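These notes are about the structure you will find just below.
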Amino acid sequence: MKAGIVNVTGYAGLELARLLLHHPTVELTQVTGRSAVGQRLSEFFPHLGETDLIIQADIEEPVDVAFSALPHKASAAAAVPLLESGAKVIDISADFRLKDVGVYEEWYQVTHPAPQLLQEAVYGLPELHREEIVKARLIANPGCYPTSAILALAPVADIIEPDVVVDSKSGISGAGRTLALTTHYAEVNESCQAYSLKGHRHLPEMLQEVNGARRKVLGGNDEIAMTFVPHLVPMTRGIHSDCYSRLTVSMSARQLRERYRDFYRNAPFVRVVEQPPQTKHTWGSNYCVIHPTIDERTNRLVVLSCIDNLVKGAAGQAVQNMNLIMGLDETLGIDASPIYP
Amino acid sequence: MKAGIVNVTGYAGLELARLLLHHPTVELTQVTGRSAVGQRLSEFFPHLGETDLIIQADIEEPVDVAFSALPHKASAAAAVPLLESGAKVIDISADFRLKDVGVYEEWYQVTHPAPQLLQEAVYGLPELHREEIVKARLIANPGCYPTSAILALAPVADIIEPDVVVDSKSGISGAGRTLALTTHYAEVNESCQAYSLKGHRHLPEMLQEVNGARRKVLGGNDEIAMTFVPHLVPMTRGIHSDCYSRLTVSMSARQLRERYRDFYRNAPFVRVVEQPPQTKHTWGSNYCVIHPTIDERTNRLVVLSCIDNLVKGAAGQAVQNMNLIMGLDETLGIDASPIYP
Amino acid sequence: MKAGIVNVTGYAGLELARLLLHHPTVELTQVTGRSAVGQRLSEFFPHLGETDLIIQADIEEPVDVAFSALPHKASAAAAVPLLESGAKVIDISADFRLKDVGVYEEWYQVTHPAPQLLQEAVYGLPELHREEIVKARLIANPGCYPTSAILALAPVADIIEPDVVVDSKSGISGAGRTLALTTHYAEVNESCQAYSLKGHRHLPEMLQEVNGARRKVLGGNDEIAMTFVPHLVPMTRGIHSDCYSRLTVSMSARQLRERYRDFYRNAPFVRVVEQPPQTKHTWGSNYCVIHPTIDERTNRLVVLSCIDNLVKGAAGQAVQNMNLIMGLDETLGIDASPIYP
Amino acid sequence: MKAGIVNVTGYAGLELARLLLHHPTVELTQVTGRSAVGQRLSEFFPHLGETDLIIQADIEEPVDVAFSALPHKASAAAAVPLLESGAKVIDISADFRLKDVGVYEEWYQVTHPAPQLLQEAVYGLPELHREEIVKARLIANPGCYPTSAILALAPVADIIEPDVVVDSKSGISGAGRTLALTTHYAEVNESCQAYSLKGHRHLPEMLQEVNGARRKVLGGNDEIAMTFVPHLVPMTRGIHSDCYSRLTVSMSARQLRERYRDFYRNAPFVRVVEQPPQTKHTWGSNYCVIHPTIDERTNRLVVLSCIDNLVKGAAGQAVQNMNLIMGLDETLGIDASPIYP
């Protein structure tokens, strides 16, 4: 089974390369990257010493599955010919995540290059959409923040007040490899800051999925009022999301955790734990670790959720999706333990 | 004017030493530390090369003002003889912060050694209690998290729904110099985690003061339902608190910030800013930087507040209180700019 | 094939557990740890959610291979009964590294509990001693600093002046999981410091092996005058060693690197590279990346060498040794790519 | 006394602003920065909330002293008109550090724009050149690495073998505020690396000064063979330099430290200490902390030297020079203690 990566030169592409180079049944045969055409991948990323791949301008030979890690808009444009060539496509960008093209164009301020594919594309969060994923040929791989927050909220989407705060803390690699003052070491080290207070592009994605899970049970059309505040914290990897709401039913913390365990009983990468987790409990792995609890003084729901933003939040989840659409075991090549400390 | 520090060997004591050694009108004449009696302060802390002070077992000569940086209970016990000697006392511990001895004993699980002083003690947040501070002889220096959260909430305490979430992110020095796995470098570096989900001791302090500010205007006895979730992030210093609630009145973000500016018009260390601040904008300084805003999609109040936990969150605020009780200019010796980057 | 880990509760033991739990042909059946007897391994280390192992007091059932990650002296004592039970033993401690018991007792200030095993034990650096390792039943797994420095110097041991400086920079995990001020987050973050200027215990190990490689070619008994200065730098993992000496023969940097490539042509985990490496080029992997060069202004040899101190510097190398003594492929279970960024 | 900063928008310029805004006798009246003309300084650097200065294109009104923090070549060009206006000039760039214009042009690969000023300019390391500094009107402020290494080597320049290795570890702010992959957070965090193995521009500066100190005593023309290898370590501030050589005379470590103490008896910012220092012992301060010792096994000289690269390594030293040329107390405005932890 042959795989290709479009735009291997960013962090999501690089992480895909790491995972696919060691995948037991998939062979990474082509990688592209406009800025480094002709370079060996092992020269561009010297730690990948074991591969002979040359970075190409485009996917030139047929592949069975292609991952696109291009920026939004460019990614959808690249997906079209790949689909036409017969490849299954897993799009790491945001282009196929939002079902409503109007919402997409409002948040991303571009015209969607392939709106005809939106209904076909499946939102690639296997814990919610496994059945559709296995039949799909185009996967919209979820954003990093949404992965952490949706997994934290989905099991209770139908029993919460429609009023939610998501306060997320992310490592700096989430901002990608593009140079900026907000990723300049001396500016962000030893510092914590919130950003995108006026609205982060991952918000509509969270709303679509949490509202979707809610309506699936409750029906109707009500919308959750969700405030999402992302923060940068001085670490390379990891997202810690705190989700605050109130339950509409009475439940102990123990019962709550049972509900989560039941919800994720078939999800090999979700761990529901009894103690507040560290992001480091997921470092380098595809796990999402969730600690749901209730603040007894105020009867408030608090759900903590940790992932590695580049694995479960990007490349690992993409491989999980690939495994599913190619009929492989869901955990193949991504079952590594977190690396600690 | 002579000053002494009880328990100079922890981080609050050390930071007090740094500030007092450079204070223009106060002379640090005595420092104590049970574990290091007889050592030179400059040997115990080699970076303090400029002082000849010897670490003592107790404050032996009279001082005009004494700072106690002992753990709770021990600190109150140490305060009594100091007050009797005629010194003004600034207590860095939690012992005199809570007016209700029952609340104190419930949260700290000890018997209060000097409950008779609780009513006399003044909660040393100058931005709220300046008038009482200048007349006091015993100051309860606020906790680090409460300083950041109370300053963020006080200007709107009377115009919010009685339902508040405080999500705080703290550097590791907040946990002190005592050895523990939760402050062991390899355990906490490259990681973010929540803790004390069942209730952090700083919560009653926040409630007392925010409820107090609320009742001062609104009267009555209603209590805010406040959830406080503290987090450790991998940096040495800094607290970033996000406070979430809803306004009971209609107001633009611009009007909101005007309200804050007006509230703090005489507060030399509070900066109300137009952009989300970084904790690093306060590093090494006594400033609290606050960004209040409104999430327009949900009409939710979001207030961001940053301090250096060891300065405005501990030693700097203690010196600010000292300046006030000794009749000095409030900013004397603590007007340094933040150090950036 | 069954394996056991003695003292799984430190960082070397933990890293062994991570590697062995995923090893394709070896089953980790027992783990010990005096401080946590009876606890589940997945409770003690919550990120290891996938295992059911219970922490025992001792290895109770026979194993084919045992790893001892106890402190020195205790480790040698534990090795004896394991060997007697028929297990092969890989000792992570320093107990069997130094052939000369007098040197051991001088540096470690203890009486060696099993000096009779010293000659039989093989210094487990496969790149130098593969042939002896495959026949051994007791392996002395090298120290982290020595691994980086010996691999940097061995290829030129016979063509350098007997005068060497090794300046090493290590991440904090090298100091282990035991609490100490020197591993307390706030003390070491944002700081760099040298330590053990009067002599670090890894020095005799480096001397034994580099002198050994030298004498193998040159014969004689001359001793290299080696100064070793270790440093702590604020990162969790990684060692960067700079080795300084002078060549006794004339050689270009290009020829020098050819010599290294030739020396390591059969070493799957050593990469000789054209550019100065980052420790991060080895993160989480068993690779040692070496950049040998010549400072043309002074005609000085400079060799840079990077490893992950917990993998090639401890647990990964131990598994590499296990693979060799058990007749397995040398890279089995430890062929992961470094994780970057 | 009025001061101006040319190019306040980089880290050296920013640090100068911080120090000058609090200097007791100097008033910072003008700051320039081509990329931010017309912006308030407190808007460009939000943590500098206390100043009303507007960033200008050029120094427009006369100042008594001007600091130029422009890149090399541009800085010398800017210095000429400032000198002509009657201002004393402290140049933070490398333009006036090297006395030999040929050496400058070889290392910096540009034509020197004002070679006529080279002989007049004084190398602004007060510990070596205080007497010339007080009479100068143009100061070449030393580089950060050279400050740490020259102060470490000057006291023994005349009693060492002419063979020296300087292995330096620097925080990332040393690379400035210009965006680059080598200062991108995710690339450098959790990593250590050497760079400029083929020759770093600070080497000729170290050679000039150490050779100068050597010849002052020994006469003659011999040149030290010096290898300098700089490293990036993941911290914002701080340089730790290890200098290796051999003494030509016999001396105990104790005598050695006495020699250093004697050499620096009038240097208020140099501390000779008995234990290996941390860079953090200098954080935010103008101190250089030096620990000279002898490796008794090899009889090798090892000198450790720590500074804050932005203070003693740049802006603090510039203010120290300003104090001297303006006839002020050398320590005015820069006597802050290091901030620890």
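The chains carry the letters A, B, C and D, assigned in the order they are written, with residues numbered from 1 in each.
To be clear about the criterion, contacts are C-beta pairs under 8 Å (C-beta built on N, C-alpha and C of every residue); 3 or more make two chains touch, one makes a residue touch a chain.
From a predicted model like this one, the values you see are computed outputs, not experimental measurements.
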item: Contact-graph separation of subunit A and subunit D, given in steps at minimum; value: 1
item: Farthest-lying chain, centroid of Cα atoms versus that of subunit C; value: B
item: Centroid distance [mean C-alpha coordinates] between subunit D and subunit C, Å; value: 39
item: Rounded Å distance, subunit A centre to subunit C centre (Cα mean); value: 36
item: Numbers and ranges of subunit C residues touching at least 2 other chains; value: 11, 171, 173, 186-190, 234-237, 277, 280, 283, 341
item: In the complex, subunit A residues that touch subunit D; value: 11, 171-173, 177, 179-181, 183-190, 234-236
item: In the complex, subunit D residues that touch subunit C; value: 163, 165, 167, 169, 171, 186-187, 189-195, 197-199, 203, 225-227, 229, 231, 233-238, 240, 242, 244, 276-280, 283, 291, 293, 295-300, 302, 304, 306, 341
item: Subunit A residues within the subunit C interface of the complex; value: 11, 14, 18, 21-22, 45-50, 173, 190, 236-237, 271, 273, 275, 277, 280-285, 287, 289, 335-341
